[in-house]
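To keep things simple, chains are lettered A, B, C and D as they appear, and every chain counts its residues starting from 1.
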Amino acid sequence: MTAAGPPQIAKLGHVALVTPDLETSLGFWRDVVGLEEVERHGDTAFLRAWGDREHHTLSLRAGEAAAVDHVAWRTKRPEDVDAFAERLDAGGCEVTEVPAGAERGQGRAVRFASPQGHRLELYYDVEKPPSPAAVASPLRTNSTRAWERGISPRRIDHVNLVTTDAGACCTWLGDQLGFEMRELIRLADGTLAGGWMAVTNLVHDVAVMADAAAPPDRFHHLAYCLDNWQDVLRAADILREHRVVADAGPGKHGITQAVYLYVKDPGSGHRLELFAGGYLVFDPDWEPIVWTEEELADGMSWWGPDLSTAAEMATTTSF
Amino acid sequence: MTAAGPPQIAKLGHVALVTPDLETSLGFWRDVVGLEEVERHGDTAFLRAWGDREHHTLSLRAGEAAAVDHVAWRTKRPEDVDAFAERLDAGGCEVTEVPAGAERGQGRAVRFASPQGHRLELYYDVEKPPSPAAVASPLRTNSTRAWERGISPRRIDHVNLVTTDAGACCTWLGDQLGFEMRELIRLADGTLAGGWMAVTNLVHDVAVMADAAAPPDRFHHLAYCLDNWQDVLRAADILREHRVVADAGPGKHGITQAVYLYVKDPGSGHRLELFAGGYLVFDPDWEPIVWTEEELADGMSWWGPDLSTAAEMATTTSF
Amino acid sequence: MTAAGPPQIAKLGHVALVTPDLETSLGFWRDVVGLEEVERHGDTAFLRAWGDREHHTLSLRAGEAAAVDHVAWRTKRPEDVDAFAERLDAGGCEVTEVPAGAERGQGRAVRFASPQGHRLELYYDVEKPPSPAAVASPLRTNSTRAWERGISPRRIDHVNLVTTDAGACCTWLGDQLGFEMRELIRLADGTLAGGWMAVTNLVHDVAVMADAAAPPDRFHHLAYCLDNWQDVLRAADILREHRVVADAGPGKHGITQAVYLYVKDPGSGHRLELFAGGYLVFDPDWEPIVWTEEELADGMSWWGPDLSTAAEMATTTSF
Amino acid sequence: MTAAGPPQIAKLGHVALVTPDLETSLGFWRDVVGLEEVERHGDTAFLRAWGDREHHTLSLRAGEAAAVDHVAWRTKRPEDVDAFAERLDAGGCEVTEVPAGAERGQGRAVRFASPQGHRLELYYDVEKPPSPAAVASPLRTNSTRAWERGISPRRIDHVNLVTTDAGACCTWLGDQLGFEMRELIRLADGTLAGGWMAVTNLVHDVAVMADAAAPPDRFHHLAYCLDNWQDVLRAADILREHRVVADAGPGKHGITQAVYLYVKDPGSGHRLELFAGGYLVFDPDWEPIVWTEEELADGMSWWGPDLSTAAEMATTTSF
């Protein structure tokens, strides 16, 4: 039974990154994080986690400087792609067409940017290629064997954006794309320091955090999730054994309640969150959890390091 | 932004059980499992887990014999209750009205039974009372402190029904209530041995398993979920320390991939599944995973005990 | 078969603390940490963990100011108490007799101080009282049920002392009491910044860390151990739920490889380490692992917070 | 400070196995279990875990039939090898000399058999070669990186022998080699069904279980230990992903309290226990925990499968 009505986003699809050092980046994402390299095409590598079944949830393209090419979302129905495009166009967004196959493994899509400049993509058609027999999981829900190499997260989970006016960005995400607010930080002067929004039962699919520094189209991190809290500690061990220094963690967020570890791809500086836990939201009448300015540090880190003062956590890449 | 269209279920709400030995049952659910006793009203106790915010996710009513009074589901919108009632009535179901307050903490609801006799309830309005300050969690998303007493699961997750014709029951759940099939076992003769269905991103909200033995309105278990695989082992420890013997587990299901432990309430014989893990489904074009008769044992237990032959697992209670 | 030869220490026995706020301290150690209060005698409470079988592994005595009364070690043989006393006396230590029963649950003992002023006790005879039936574990190796209340560590593990001349203190612990060096930090000027020493297969039973600040008889922490890394994260959760702020962690030491969390008893300021993991040493020809000044921060914290700069970690209590 | 007196065993050193299918066995121990192949010499492969530092803790030699070549123990002092040899010779044991280098990485040793025929070895001198830089751990206590490949246990832990007269075997292990009894099962007719004995602080270094069936020189399993309970569940996952079927588990022993998983090397049928947990014994006056015939099943499995009836657990290999 499919619901009629306005277009809807089903899930986060993938993040397309540009890296100035593809080999170092691949060494990190494939060998240390443990993603499967599904395909290399020209100067772009396509990767996914063992619980991801789409062609890729991460792409790494060699480029002059680190940048986020786009963040892609899959719609619930094929017709939602055009329905969103019409709405975005009506809302003043420039929407460009991406022909089928222009991105490996993906059908036609549309691209556009948030008012703050974060480039987003919407698609429905996508390939779900099986993994080679030598690494395929005997469980049909999974592409490759779990625990096979490196940290081995289960699947992509969410993205976290940084901008100068988080309130405006969150309003746009709600009005144009249907994201609903789950938790937020409201400063004493009324401005939004951060918003955590979702279209699924996940506590959030996207977060937007405010930072007055330019540029407005910044990227804080993408997140892959692990099954157990212990797996976050194992990830810290594996990073250390490979002499990769984490940004912050382990700790537990007050907001979302995820047990987290942050680390930057040494080849590009793009930040990855590895996390486990968090909660799901099933309530149709969910009231956003509001954290005040006084509670900001607790919201960022319920236990573990004080993320509100951690210097490494302030650096970001941009779109 | 709320989707228009057909009525929808948002989530499993609660399970109402009848027990012939309320004190023993309370000793189990409150002191060993660790649920909060929110309210005792007459001969009924209302309980919830620390991550549940509704008035209750389990009720225990003293009665002559163990039985399931009903399984309740919350709708996405207030008007969905009547929309479902109309559809069910049109489909030949007898729908009865439950006035607001007839069930503690809950607004008006409707009750009806599956063609196999499983009594279900639909409601939208429900109280979310805060827990007493002495046990309240400082995290506003949680009612009481986690880890406070006993096994301490996070929240209610799903129910598992047993009937003589699982195929008919699953078809009805799909047609009338909108559940979609996620995984299933198809026997060589074409009959459905079991179906796992969902309306949320959970891998399943309800399962139906076939058993030729009468009666057709049987109940296999309700499930509360834990955050980590290790918590399932801790649960096994806690049961043993309290001299409660588990039915089966720990093990890991092939179907749903949950790490599980089964145990019966010693006061009533109703079965509880404590589990962690499993996967979420975000794909709008999910194709059900089909397990054959040869794969049945693997589907039931990926590792751990052979659930297809475990005598304790064959016993059930009924509605 | 018992080995003849010089006297030997079998294990850390207990730590006797003085607290200016006994009720707050008891609320912490009994209700949050989850130790069993075995006996209250006068103004002293005796506690132990569920895997401890001696009468107590911690005592809390009400006093004017926080202090460590003594740290007690059990010898391998009854005659070792006197053999050690003779050696200590010959080495210039003042040794005082503690009659049987002077400390609840314990036979005769001897007390003395390290040259730096840390008061130590040696005993062999000790009671191992069973716990009351209502809380007793069905496993005969354990006193009370595991997982019963609060953080619920398994057993006492080690103590960590602070002094002005760590090298002198470690030499004395080796010469007089038989502790062997397992890991150490040697500064560029040749002085010992810390030594981790053992008489058992544990990676260490006692550590000594250098701090030029007076007094020389300081106490850094006592440690109770948990079974799993995840239990350390659960401990962080439980502290937070009870609004107790941790000193540092979770993190993993390079030295000893323990996954740690530090927290002070809010009633006294005495520090507790809750940890899991670490390694065991069976090699009879173990060569101490030497960390240089450049490696000091890594040795203190392999991942997690930088313990070498954490202000909260610099505070100590004294004997 | 080294204790004088009778000779002592410091630790279990290694287990030397013969396999009729070396490549399959290597595929299991190296690629699935994840041990490091330190050296291949002729038809013998030498392996160790990442926390083992000696040249090997397991050797696999190609042979016509599966057999245990010997189980080796390291003594506390060099002179203990000869002191044990004299005692064994005086006790009627045939002791043979193994020249230095006859076994790769090892100095001179002596070999002999228990009265039941289990071939044992004693040595002191052994090489501790560093692992190649590409896989070496940055932690000097570890040979290779943890979590690098497969199940990745920390270190060898114990062996479990089967014989017709367990009582006689345990008495001999105590009298000749100094093992002390920690836990035992005493049948109603007074015979010993099993004994768990140790020379270290581990709950046991060797176990002997009775089985009336011939031959008397049987081998039940060798055990490698993991750091966390969850790691046992991860091991079950990894076995399943590689289509290796476990013998039994996960479960928790009552005796020793280890959380266990048993699996046979598919190339040889030799059984491996992967476990985490268990307890340490520091008490010099430890009284063996006695399990009766009625408690046997609980002692074997505190929760999880009934090991006393599991058919797969009854099969063994022999020396």
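Assume contacts are C-beta pairs under 8 Å (C-beta built on N, C-alpha and C of every residue); 3 or more make two chains touch, one makes a residue touch a chain.
What you see is a predicted model, and the numbers here were worked out from it, not measured in a lab.
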Shortest path length from subunit B to subunit D (each step joins two touching chains) = 1
Which pair, B-C or C-D, has more C-beta contacts?
-> C-D
So how far apart, in whole Å, are subunit C and subunit D when each is placed at the average of its C-alpha atoms?
-> 31
Between subunit B and subunit C, centroid-to-centroid distance (C-alpha), Å = 46
For subunit C, which residues are shared contacts with two or more other chains?
-> 228-230, 237, 240, 302
If each chain is a dot and touching chains are joined, what shape do you get: line, ring, star, complete or other?
-> complete
For the complex, which residues does subunit C have touching subunit B?
-> 137-138, 145-148, 228, 230, 234, 237-238, 240-243
Where on subunit C does subunit D make contact in their complex?
-> 1, 3-6, 8, 10-11, 51, 53, 74-77, 124, 139-141, 154, 174, 178, 180, 200-202, 227-230, 254, 257, 276-277, 279-280, 282-284, 289, 302
Please name which positions on subunit C make contact with subunit A in the complex.
-> 228-230, 233, 236-237, 239-240, 246, 250-252, 259, 302-305
